[in-house]
Amino acid sequence: MFSAILTVLLQVTAGASLAKMGAAIGAAIAAVGAGYGIGRIGSSAMEAIARQPEASGDIRSNMIVSAALIEGVCFFAVITCALVLFV
Amino acid sequence: MFSAILTVLLQVTAGASLAKMGAAIGAAIAAVGAGYGIGRIGSSAMEAIARQPEASGDIRSNMIVSAALIEGVCFFAVITCALVLFV
Amino acid sequence: MFSAILTVLLQVTAGASLAKMGAAIGAAIAAVGAGYGIGRIGSSAMEAIARQPEASGDIRSNMIVSAALIEGVCFFAVITCALVLFV
Amino acid sequence: MFSAILTVLLQVTAGASLAKMGAAIGAAIAAVGAGYGIGRIGSSAMEAIARQPEASGDIRSNMIVSAALIEGVCFFAVITCALVLFV
Amino acid sequence: MFSAILTVLLQVTAGASLAKMGAAIGAAIAAVGAGYGIGRIGSSAMEAIARQPEASGDIRSNMIVSAALIEGVCFFAVITCALVLFV
């Protein structure tokens, strides 16, 4: 199957389409990373608040700090992928 | 079937189709990331409210914050994939 | 399969697209690494605060130290991937 | 298969793109290694502090020592990957 | 197979790019090995200190010895990979 896909590429002179495919799939994988990481933190935060409702201020601030760290790396990765389209 | 589909592609000179394929699959993978992450947060939020109904205000606001972080990355990834179609 | 992929590349004169594809996918994989690692630390931190709310100061500082170590490596990896686009 | 890969490479004059792809993906894999290792140590440290809050000083120093060992190897690997771009 | 690989390489004048790709990916895999091994040791050490805080001196020294053994091998592997770039 894949070989057939790529036999097609044979006639393609502008190979830039391969880079674009990589950019799209790369952005998507980075989004999955964010979804996994922040999802895990958020899920634990919900359960933690249910167990200790009076500690919800502490939990919220810690949740935002750690989620923001993931957000930073993932956003930068998506922007790198977007850069591929223009460089 | 797929091989037949792609045998056709063989005559397609405009290789931009590969980039478009990547865009479609990328958008889909990003949606899976959002689904996994927000699904996990939402699921824990439901159980947390069931265990501590009086903490539902706190849980709701935290759920929205963490889900919005995932939403941000995934949306940007899908937009990057959509950009592939036009650049 | 792979041979077909590369048979194609044969005619591609501008092989730079392969490097760009690698950069995009590389940045994405690094983001997944950050998501996994920081997600795990953050998730445990939430549960730890729920179990020992009075130790939340200690937990927060330790969470930030270990998450920052991951952040450092992952950011450097994403920047290396971004460098590929310009070097 | 591999022979076919290399038959292709024969005609590729600008083979540097392959090295760049390897550098990007290599840096990413190293970052995943750091994320996995430090993530695991940090996660256990959080739970350990929750179980023995009075041992948090010992736990913190040990966490930093073992995480720094991983950090060292991973950073050196990422730098090796970055070197590929310039050598 | 391997003979074919090398027959090909014979004609490759700019085959150095393949070696560079291997160096980058090799260094990355070595870093993953360090991350897995030291991560596992560190994780168990944290839990051990939480269970027996008064044995933390013993645990720390043993943790450092076993982690240093992994560190030694992995560092040497990464250096070997870096050497590929210059030899």
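Labels for the chains are A, B, C, D and E, by order of writing; each one numbers its residues from 1.
Methods note: contacts are C-beta pairs under 8 Å (C-beta built on N, C-alpha and C of every residue); 3 or more make two chains touch, one makes a residue touch a chain.
Quantities reported herein were computed from a predicted structural model and do not represent experimental measurements.
A.B. asks: Keeping to the contact definition above, tell me which chains border both chain C and chain D.
C.D. replies: In this structure, no chain contacts chain D and also chain C.
A.B. asks: Based on the averaged CA atom positions, which chain is farthest from chain A?
C.D. replies: Of all chains, E has its centre farthest from that of chain A.
A.B. asks: What rotation angle superposes the Cα atoms of chain A onto chain C, in degrees to the nearest 5?
C.D. replies: 10
A.B. asks: Using C-alpha centres only, name the chain that sits farthest from chain D.
C.D. replies: So the farthest one, by centre of C-alpha atoms, is B.
A.B. asks: Between chain A and chain B, what is the separation of their C-alpha centroids in Å?
C.D. replies: Once rounded, the distance between the two centres reads 9 Å.
A.B. asks: So the centre of each chain is just the mean of its C-alpha atoms; given that, what is the distance between chain B and chain E in Å?
C.D. replies: 34
A.B. asks: Centre to centre, by mean C-alpha position, how many angstrom separate chain B and chain D?
C.D. replies: The computed centroid separation for chain B versus chain D comes out at 26 Å.
A.B. asks: Using mean CA coordinates as chain centres, what's the chain A-chain D distance in Å?
C.D. replies: 18
A.B. asks: If a residue has to touch 2 or more other chains to count, which residues of chain C qualify?
C.D. replies: As it turns out, chain C has residues touching two or more other chains at 1, 3, 7, 9, 13, 15-18, 21-23, 25-30, 32-41, 43-45, 47, 49, 51, 59, 63, 67, 74, 78, 81.
A.B. asks: What chain pairs are in touch here?
C.D. replies: Listed in label order, the chain pairs in contact are A-B, A-C, C-D, D-E.
A.B. asks: Can you list the chain C residues touching chain D in their complex?
C.D. replies: 1-3, 6-7, 9-10, 13, 15-19, 21-23, 25-30, 32-41, 43-45, 47-49, 51-52, 54-55, 58-59, 61-63, 65-67, 69-70, 72-74, 76-78, 80-81, 83-84, 87
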